[in-house]
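Look for chain A in each of the two complexes below; its partner is chain B in the first and chain C in the second.
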Partner chain A sequence: MSLALALLQAALLVALAPLFSGTIAAIKARLQMRRGAPVWQRYADLARLFRKESILSTDASWLARATPYVVLGASLTVATWVPVLFASSATSFAGDLVMTVALLALVRVLHALAALEAGTTFGGMAASRHMALAALAEPALMLSVFTLAIAAGSTDLARISRAVAAAPHGWLSPSHLLALSAMWLVVISESGRVPVDNPATHLELTMIHEGMVLDYSGRHLALLEWAATVRQMVLFTLVVNLFLPWGIALEPSGAALGTALLAWIGKLLACAIVVALGESLTAKLRLFRVPEFLGMAFLLSLLALTSNSLLRG
Partner chain B sequence: MSFPLGEWLPVSSAVNLLAGLFLLSALSAVIQRRVAGAILGYAWNSRALAAIAAVVASSTGERHIWIAAALVLATKGILIPRLLRRTAVRGRAREEAESFVGATTAMLLCGVLVVIGFTQTRALFGASRTILASCLPISVATALVGLFQMVSHRAALAQVVGLVLIENAIFLAAISLTYGMPLVVEMGVLLDVMVGVALLGFFVARIEESFDSADTSLLTSLKG
Partner chain C sequence: MPLAGLDGALFAAAIWGLAAAALFPAIPLPSRFAFLSAASRAAIARPVAIAGALALAAVGALGLAGVVPAPLRWWPGLPGDPFMLGVDALAAPFLLLLGLLTAISLAARHPGPEEGPAGLVLHIGFAVALAAVFAAQHALLLLVAWEGMTLLSAALVARDTRSARARRAAYVYLVISHIGAAAIGFGLMRLAALAGSFGFPDLAAALGRLPAGESAALVSLMSAGFAVKLGLAPLHVWLPLAHPEAPAPVSALLSGAMVKAGLYGLLRFGWQMPGSPPAGWGVTLAVIGLFTALVGALYAVVESDAKRLLAFSTVKNAGLLALALGIAATLLRAGYVPLAGVALAACLYHAVGHGLAKGLAFLAVGEAVHAAGSRDLEKLGGLARRMPRLSVAALIASLSLSGLPPLACFAGEWLLFQALILGLAAGGGSMRLLAPFSGAGLALATALSAAALVKLYGIAFLGRPRSAAAANAKPPPRAMEVWLLVLAGLGLAWGLAAPLAIAALALPISAVLGPGFDAASLSGFGGLTLSIPPEAFASISPLAVATLIALFVGLVFAWVALRGLHPGVRRAPSWACGVSLDARMQYSALGFTKPLRLIFRPLIRAESEISILEEGSPYFAQKYRYRSAVPPLAESLVFSPMVQAVFWISTQARRLQAGSLHVYLAYLLVTLVALLMLAR
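Right after this comes the complex of A and B.
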């Protein structure tokens, strides 16, 4: 029963991930007074890419061929233990916060190696940028979730979510607010959004994610893009269900799960609106300013952690 | 008079959240590159302060704290930011607020200052058990951060923002220690701050006029 629930949650995450991306793009288009593509455009894109032939450079080794599958596999694995509807996971034996961060790091390393494979300049540039930013974002991500993990006494994501949901007003504290702000900055950076990366541009000297997947086409590109949307979905779900776990089911009953589903979708929709607003109102940062942006995230997470231990009267 | 949200939001939690907002806005004011951003951070800092005062007023039922909260919102939340912004628009201060230290270093130093503020308050006053337990450490940390803003920036207007941040922090400390000073004192302080900011804005304009720049590090050349 609970294993089926865990798989259902993962399936939800994976199936709805392109929809989330599409929703952000649609809201953004509306804000810019354009009609924009429909919200399910990402599914159509993926379907089209899957039908097309995949071409790889003759210089590329087996690594370039394996990367899309491993990247998607790692993203799907993370999706199995993320608390989506129910704050307890049957697969939490397999991974916790540290494992999540490690798998995200694995994805990054593979992305960077694969970008270097074909030997193009864009790939190498994007890979070096990606690794530099990741080195700054990762500690901030760890520290901000550790703030909650300390209070919950566990690094298991579902248990953290349960602990925050069970403490009725625990979320109303300076450390929680600081950790949430830090987490938000990291998630914006990790999912390649403005002001760190621009998901809408292509062939621009500042691109990061697009630069790394430039040499992929067809099926391989579809897998990588799908994995990227799943990772984005996982990160935003972590934000809403670890930091603001209102409505998450504490009991595996039908009514509670229904409420949790509605709450989850509502919160993600709110996130999509905030992200679209942010992307419309801010300009992309110059690359050399991005370390300051992530430094801010690191500072906030560090302060969250210290105020968590120092301010607890 | 009871707190209308009290049913689902205990007073201490609301104060904690607002105190977090207070610290966050002060940090964002210090880290901004542009003076306009720092002023916006200060405006939010003041609004958080007014909200804390309002929560304290509703939980203690003291009328004079209500009046103080309203005055804080009107002067520090709206009037002073507007005065500062007007000075910024008039002068050349719209350009980047140059700092003596880089943004990353400034952030790390601010982090260190906040931790020092937290630990030292605890060491000096012990852990308090009132609903305002988190306010005193946060006000000390914010005062240190405001002081850092004053010493690290070259632009005169950015230094003024640092000064008013310190003033906000002192107001928060006063509320958290004594549940508000007598109304006459608070009104006097607010009037002083208003006049101070107006005068400082005037001075900044004069400095810009005489030196073609609001960079206070150039003022030492007067010594001859």
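Right after this comes the complex of A and C.
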């Protein structure tokens, strides 16, 4: 039962991830007074890419062929233990919050290495920026993890979710809200959105994620793009279900799961609107202003942790 | 028990086998053995040494299982106890690591035709000295072995005597090591004088009888000496100089095993003594460790020499080990014994895990740069296509050293994070400040190392070759690649079976920590999961994660294959915006880390300068020169003032030497009078 639920949650994440991405793009288009592509555009993109031939550089080694599969595999592995509907998972023995962060780092490293395969400038530029910004985001992320783990008494994802859901106004504490804001900034940076990266651009001076997959095509590109949407979905699900686990099912009954599904979709829709608003209202930062942005995330998370230990006395 | 006697024989075989193999090619033989040429003697010595090293690893593994062989003793003709070599619980994991690394570094050695037996003799001799350091149970023998380890490795560092860089590295290494050895020697000899014996239990008893202040001072002094060998900042400057200069198999031993001798000393003489660790020892060690980890990671990122980059990564990991040890001691003093056990488990597990990964990294990368003719990343590239099997080993090493799951260096960091979170949650004085900064700093150091290793593997092995030598690099002999893949497999097993490995470290952990914690309790479900004991605070399973990833990769692969729309891959040249691609269009190693170099410029004071050599039109100069350097700050800020102080003192002292006989006679007179007054 619990294993079936874990697979169902992972399947939901994987199946709906392109829709989430497409929804953000659609809302953004509306905010900018454009008609924009339909919300299911990403599915059509993936289907088209899967039908196309995959071309690899003559300079690429075996790693370039393996990376898309391992990246998607690692992203799917994380998806099995993220609390989506039900705050417990059959695979939560295998991974906690620290393991999640580390598997996302594995994906990042493989991405950066694959970007260096073709021997072009854009790949190197993107990989270099990606690794630099990730290094700055990591301390803020880790302190947010500390804050959550100390408040909930565990780094297990389902337990954190349960602990926050159990305390009726627990999410209103200053440390929780500060950690949430820090985590939000990190998630914006990690999922490659404005103001850190621009998912809509192919302009070589600004891109990070696009630059890393520039030399991929066909099914390999489809796998990488799909994995990226899954990762974005996982990150936003973590934000909403760890920090604001309203409506999450605490026992596996049909009614509770239904409520949880509605709550989850509603919360993600809210996230999509906030992200789209943010992307429309702010401009992308210059690369060397991004450390200040991530420095702010670090400061917020440090404040979260400090206020946590101060308020607990 | 049936093993009785066998373990002792194995231990004796290991030590004597290694020692005989080291001496056999070196000693002059009587003329009737003249048919044994130097080459054939080396050819005999190497397998003997490999067998001895494997026996040593077996002794270490048995030691972890609690089988303690009878110690080897001999009487060197000095007053006091006989020299004694033995295996106890604390030495066992270090001997296991040393045995494995020695065997593989010897097996993977393929010297050029011009090399005489000296390299092999020094290599095996160095391993013998290291084994004696870990197995010595006699203070004087420990000091002799320690000195042997330093001298033999310095000789290996300076093997290429024509290279000024190697000579300077060996010199700096010798000087700094001897400062450390002096501190250790003073501490041990003081204790031996108090105890009237060289045996470790007697030394511990003597320390216990000292007043608290003096015992803390002695322990701190010895700890400082061991910290030099561990390479803690700012005394780490010798490490990135010396480790890269030795041949790759020796670098693997230096970084993989010798650095751990510092950790071993800290555990045995800093902690495992009555009344130790002294107050403040843990916090000091943790702060220095965190600083070292950040320094190592930051300098690894900006380094463009492949082997120096790995040496800086060793500095980072030495910092991590010291941090884990310091956190463990702090938690123990605050009374949280199980949490201290978790941090100590992190430390010992990571010591072995890092040893395996760094040994592999030095062997694989060392072999690759040897084949490509340069250690400079700017002259490498595209090696993965030229030596695919070696590139697999190098990739596994790079990913492991980046602290990624489910490989050898991840579970240790996970345990340390758990200890930090739980220590902070438990409250308790210094942890309140130490834990958040350690957590954030460790995360930063790990992410920076990942950037450094992406640079190492990505620039050296991927893309296009940046020099003709790299383009023509030939893969090493098949046997060597197989040995490297064996070591990669050992590292993978250490990572995947992390819960079992940590349970196997239970004896050394309780030997250091005392009762109240059993590391086997961290392992759950028959070794599948690693979890924190009080009602499973959290749990991970590297094996399950690897299985899940493999399962999903298989499913996705099968799905793609079954849909069969476009199964093949076409190869085409990379697109370079319409012009033909040139290796120089790739990102260079320098360019790759430019964002980090700029972001951290206030800390590392990186310099760069562009000068125009030939003016063309105002916007397009004909020729530029770009210079970039990262100054070694530890040398200029810490060591230069010390060296200058020594010079100043000696200049002042030179005034005494006036060169006049009368003045010297006056000195004699003053000394004599002073002595008479003192002696009365």
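General remarks:
We adopt the following convention: the second predicted complex is superposed on the first by the 311 of 313 C-alpha atoms of A that agree within 3 Å, B and C clash if a C-alpha of one lies under 4 Å from a C-alpha of the other, contacts with A are read in each partner's own complex, and residues count from 1 in each chain.
Simple rule for what comes next: a residue touches a chain if its C-beta (ideal position, glycine included) is under 8 Å from a C-beta of that chain, and two chains touch if they have at least 3 such contacts.
Note that the coordinates shown come from a computational prediction; the quantities given were computed from them, not determined experimentally.
In the superposition on chain A, A:P291 contacts both chain B and chain C.
In the superposition on chain A, A:S173 contacts chain B only, with no contact to chain C. Shared-chain residue A:R65: touches chain C; no touch with chain B. When chain B and chain C are set side by side, the one touching more residues of chain A is C. In the overlay built on the shared chain, the residue A:L302 is in contact with chain B and with chain C. By the touch criterion defined above, A:E138 reaches chain C but does not reach chain B.
In the superposed model, A:S181 makes contact with chain B only, not with chain C. Residues 291, 302, 306 of chain A contact both chain B in one complex and chain C in the other. Those residues of chain A lying in contact with chain C across their complex are 50-63, 65, 69-70, 72-74, 76-77, 80, 91-99, 102-103, 105-106, 108-109, 112-113, 116-121, 123-125, 127-129, 131-143, 146, 149-150, 153-156, 159, 215, 218-219, 223, 287-288, 291, 298, 302, 305-306, 309.
For chain B in complex with chain A, the touching residues are 9-10, 13-14, 16-17, 19-21, 23-24, 27, 31, 103-104, 107-108, 110-111, 114-115, 118-119, 122, 127-129, 133-134, 137-138. Against chain B, in their complex, chain A makes its touches with residues 169, 172-178, 181, 291-292, 295-296, 299-300, 302-303, 306-307, 310-311, 313. Here chain C touches chain A in the complex through residues 381-382, 384-385, 388, 391, 395, 399, 402-405, 410, 414, 417-418, 420-421, 424-425, 427, 432, 435-436, 439-444, 446-448, 450-451, 453-455, 457-459, 461-464, 525, 528-529, 531, 536-541, 544-545, 548-553, 556-557, 560, 563, 565-566, 568-576, 581, 583, 585-587, 591-596, 598-599, going by the rule given at the top.
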